[in-house]
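Both complexes below contain chain A, partnered by chain B and then by chain C.
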Partner chain A sequence: MINKILPKITFWRVVGVSIAIFGIYSIIERFVYGLGAVTNLSDEFPWGLWIGFDVVCGVGLAAGGFTISAVAHIFHIKKYEPLTRPAILTAFLGYAFVALGLIVDLGRWYNIWHPLIMWNPSSVMFEVAWCVMLYLTVLFLEFASYALEKFNFNKILKLIRKALIPIYILGIILSTLHQSSLGSLFLILPTKMYPLWYSQYLPYYFFFSAIAVGFSMIVFESYMSSRAFGHGLKFSLLSEISKITMVFLSIILAAKVIELIATDKIQYLFIPVTETYMFYLELIVGYIIPIFLLSNKELRTSRKWLYISSVFVISGFMLNRINVSITSIQRSAGVDYFPSAQEIGISIFIVTVGVWVFKLISNYFPVFEHEIEEGENDHAENVSVEGILANK
Partner chain B sequence: MVALFVVLTFVLFIVVDLFVVKSQKKHHPAFSVSHSFQESHAMFNKKSFLLPQGVMLTKLHVWLNRINDEKVRIGIDDFVMKALGGVKVVPAVEMGSFVERGQVVFNAAVNNKKIQFKAPIEGTVVGVNNTNNEITDPYNNDWVLEIIPKNGDAKQTNVIKYEEAFDWIKSEFKRLKDFIIEQSTQPTLAGVTMYDGGNLVEGVVSYLGDEAITKFEKEFLS
Partner chain C sequence: MKSKKGILFDSVLCVGCGACYEACKTENDLGEIPEDYFKQRLSDKNFSVIEDYDGIYARKLCMHCAEPTCVSVCPVYAIEKKENGAVVYDADKCMGCRYCMQACPHNIPRYEWASNNPRIRKCTMCYENRTSKGLPTACAEACPAEATLYGDLDELKVIARKRIEENPDSYYPEIYGLDEAGGTNVLILASVPFEQLGYAPNLPKEGLPKLTKEALDKIPGVVTFGGLFLGGMYWLTKRKNEIAKEKLVKELDNNDK
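Up next is the complex of A and B:
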């Protein structure tokens, strides 16, 4: 009996279960005793790890869905089709867990539905809330087509497939809106944010960085899927889409440098404070190193370096988003914020559940099966046997 | 500091996972051991395929060639021969038997795995090449079966027109490269220059293991 159980116990399962136990305990504690009891948040510093990581990073990291959808379905570059299903599933789960993170973070979480009927069109947060709700619905419809395929609900599948192009377009529009609007949220803090991060172009930076990291997330997620499920990598495709990441990173880096010079903020680069070091770290990790790695063809076509570059892009992206939402505000708030164990536990728990659900769905739905259809016998023609003989 | 903490946690999970993979004696897709096979193996590229005049390729990678008014000769094509390496083909049907289109008509052994080839036409088997040699001359001496196609057969079969055959082979070669990249934990098997349109090692599929050989059969021979 023990022998039957033992092989199933793996390192990551033990870690995962430990994270789940602590995460569930922390969530119960948060809902029973309130935010004050489990977080280090305060009136001076109300947005912490859950907003900075779960929401502001989470939405960006889920951008792979709309970026690859645009490339494969709207620009009709069909060779990228095999990458779309896992990316859309990742996006769907990413947004679902962003919503879960928001529920945990909201003081009066039971009012989360209010934006549905209490409209405030002049609020950026209202736009983000609506876009995320609509995009989650769109992702659900996109994913539903795979689920229907699995259960052979062909009539409904036909209907959904007919509507898929407008659904894809809607998804891309909604993503463009809320990815940039997340940056707009911080436009109301010109005096509170540290000058190195405050910019009137934050919506553009957020949108472009979401596109860059979206493709890198597809690369990273492909490697993780390959490691978990043992199937092959679409390496040539991953290498190609990484060029897009490099282009967008270069655009953002150039824009940032130009803006620093044009707005005379370059002086802040020479002030020896934590913010300066964090800004340098963000530029080096998130832009300079990955641009170097991805612009070198030999490195970009190496399995190892492509993976490492995706880790750099994602790390740099997280540094940027958390710097914008937390680091840049700490000085003006006059508070030293560091998340409590429960905040950290809940965030890691949400990511862990996301990984588990992804694995579960991939095991039971055709998330990766679509790959074998690639370019199959495009040039074959039907000729009768008489035709064969006549051809001689 | 929160940003640094989050990134270090992310990196820590990745590094720990690398150690976990190593302790399980598995290969991480990013850090697989690579070996160079190019030096000791023949290479092929999209320009190195043979196709004699009159030979008709099919999407099953079984060729047909009419040798007289009655008989059609069939065998495996040059593409599969080079992809699988030195293969021996064993007929799976007997003289005089009637074969249906899509029926398995001969087998090839690659490593410990049997690969099946299907008939592109239906008819009666009137000749079997029992030389049992390794295939080296696929369109001439190493044909496998001679068939008299069923008279009045109006059904359709997939044949690549001669003028389109080279384009089709090129697309198959590209598909094979993508397949090798997907399946290989050792990218240099396929040649380090393959991303730039380079060569493949002859018999490359046979290095990929039984699971990949099964996938090759499913994707290229069905």
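Up next is the complex of A and C:
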């Protein structure tokens, strides 16, 4: 019995400890010797994996927080309420670790607070910095309202709850702004980006795909949580929100195809170069396969297939962000950038710590606790007959 | 108001002597001067280089754009366009995001990758010690062949046009920098099309900052509309739920009777 369990645990522990040792070692190396010593970045290729993955992907994958908040708190579709907690926690941790990743990437990281007092409103980066700072505060307050519930700090809880609606609204607006602005960051590179990815509509693509992937992240997490702790979220809800993902993916796919035709970029689809293959891979993994899976009712209502489709959406999303921020720049930069072991190691380390903290928190706080039994509260109206009778 | 200054580099007159390279290194205190200066490329130790394209010499340096992309993208305003046209960097403000390097259409800004306290490095048009005091840039002063001139931008444009007119056989009939990405304070003349000498081709005529400005201009609208829309939806859907509740209560009352 012990022999059966031990090797498995040991294996994952070894992996975890290795990731931690190499990650921490690389971080120390980076802060002692500078960016040049640990990264493959260069004057020709100043933005690499840490911007493309840790920041641009990280922020997008945390988008479930604002979309679910809009659906449940603003549109009052109360049945989605149970989804808000894991979504807000993902967003809060996601953004916190994006900030950590950014500190590693910034050459003069100790000046990270400068946007607070040095303003350049014509810079997209400035806008992103402010939105992320404010949104992190908003997420902290939203999450605090759950944490305080656990510790019964009712006075502060009351205070925060009074302000919650404006906080939710602020959070949604801030997210709309910075999710799209991450795309706007690249608007200023018309001559450097490969034509398949450069588009004046980048902010819209970024915003819509963030909405799509946010829901998929919740599906993914719920599945993982149900496997790890045996409690997840109500499946019919996940199945329903995945329809929204499908709609948004379809809109983006259609818009991309129309744009390629309208701007005469369709010719680039037939040039046999890496960029073309990466573009096809992105479209197939991130759009065509998941749209097909999610449009089929039988597959959408199957736990396994819904989970698989979410993995496709998330992978396709990451491919898109990496393509926009790395693949599309390579040709004009004239160098073949591939991240160094330390760049990859630190990224994996940050993700691992994020997952670990998520697990830790959902063990102690009411994150996935608001489970409802299948069929208990299946209709859109959140009216309970018993509740009304009791209030009378 | 002080007039806009600029640099004119004339590749046709350049003899490749390396005096400008040397003067730049000395002026900016950039360390030892290597013998093989043609092999040098822009770096944190080279603010200006001369590249040899089969006997045609091309200087590379910051173009000091009229509407600098780097100034527009820097989140903390660490890069500034000075009154005389020089584009100057302030390391004390910089947080090292490298957006300026990513965004520069001419690929100019360089980084101190080996440093733990890295700065952006590039030509400053000798702003601090020279051009802000009315002196010419070190490179222009050092040039023995009138291939690099410093002066009023408008006058330099006149000189450039005159040189092309007087020697139409020697010059490619355009001035690089008149309207590349909104125009630059550094003008270039050459005997061949500029992209053959490694100058960024196909730049739009308008300044690049316009591209992001259009997106940023939408922010107030998004905030106002978003606030009203979300507030309105909040109230509407809440009211809808209340009405549904009241209706149910009424029905239950009727049933009781």
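The rule we apply is simple: the second predicted complex is superposed on the first by the 358 of 392 C-alpha atoms of A that agree within 3 Å, B and C clash if a C-alpha of one lies under 4 Å from a C-alpha of the other, contacts with A are read in each partner's own complex, and residues count from 1 in each chain.
Going forward, a contact is a pair of C-beta atoms (placed from the backbone, for glycine too) under 8 Å apart; a residue touches a chain by one contact, two chains touch by 3 or more.
Keep in mind it's a predicted model, so treat the numbers as computed, not measured.
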Discussion item. Output check: A:T176 vs chain B and chain C. Expected answer is one of first, second, both, neither. What do you get?
Written reply: second
Item to complete: Classify the contacts of A:A262 with the two partner chains as first (chain B alone), second (chain C alone), both, or neither.
Response: neither
Fill in: chain B versus chain C as contact partner of A:W109, first or second or both or neither
second
Worksheet item: For chain A, what residues appear in both contact lists, the one with chain B and the one with chain C?
Response: 381-383, 385, 388-389, 392
Discussion item. Using the touch definition from the top, list the residues of chain A that touch chain C in their complex.
Written reply: 31-37, 41-44, 46-47, 70, 73-78, 105-109, 111-112, 114-115, 118-127, 129, 165, 169, 172-173, 176-177, 180-181, 184-185, 187-192, 200, 203, 329, 381-383, 385, 388-389, 392
Discussion item. Which residues of chain B touch chain A once you look at their complex with the stated criterion?
Written reply: 1-7, 9-11, 14, 17, 20-21, 23, 28-32, 54, 56, 58-59, 64, 66, 72, 121-122, 149-150, 153-162, 164, 167-168, 171, 174-175, 177-179, 181-184, 187, 195, 215, 218-219
Worksheet entry | chain B-facing residues of chain A, complex | 10-12, 48-49, 52-53, 57, 223, 226-227, 231-236, 239, 274, 278, 281-282, 285, 301, 303-304, 306-308, 311, 314-315, 318-319, 322-323, 326-327, 337-339, 348, 371-372, 374-389, 391-392
Practice prompt. Would you pull the chain C residues touching chain A in the complex into a rising list?
Written response: 42-43, 69, 72-78, 91, 93-99, 101-103, 105, 107, 109-118, 200, 202-204, 208-209, 211-213, 215-216, 219, 222-223, 226-227, 230-231, 233-234, 237-238, 240-241, 244-245, 248-249, 252
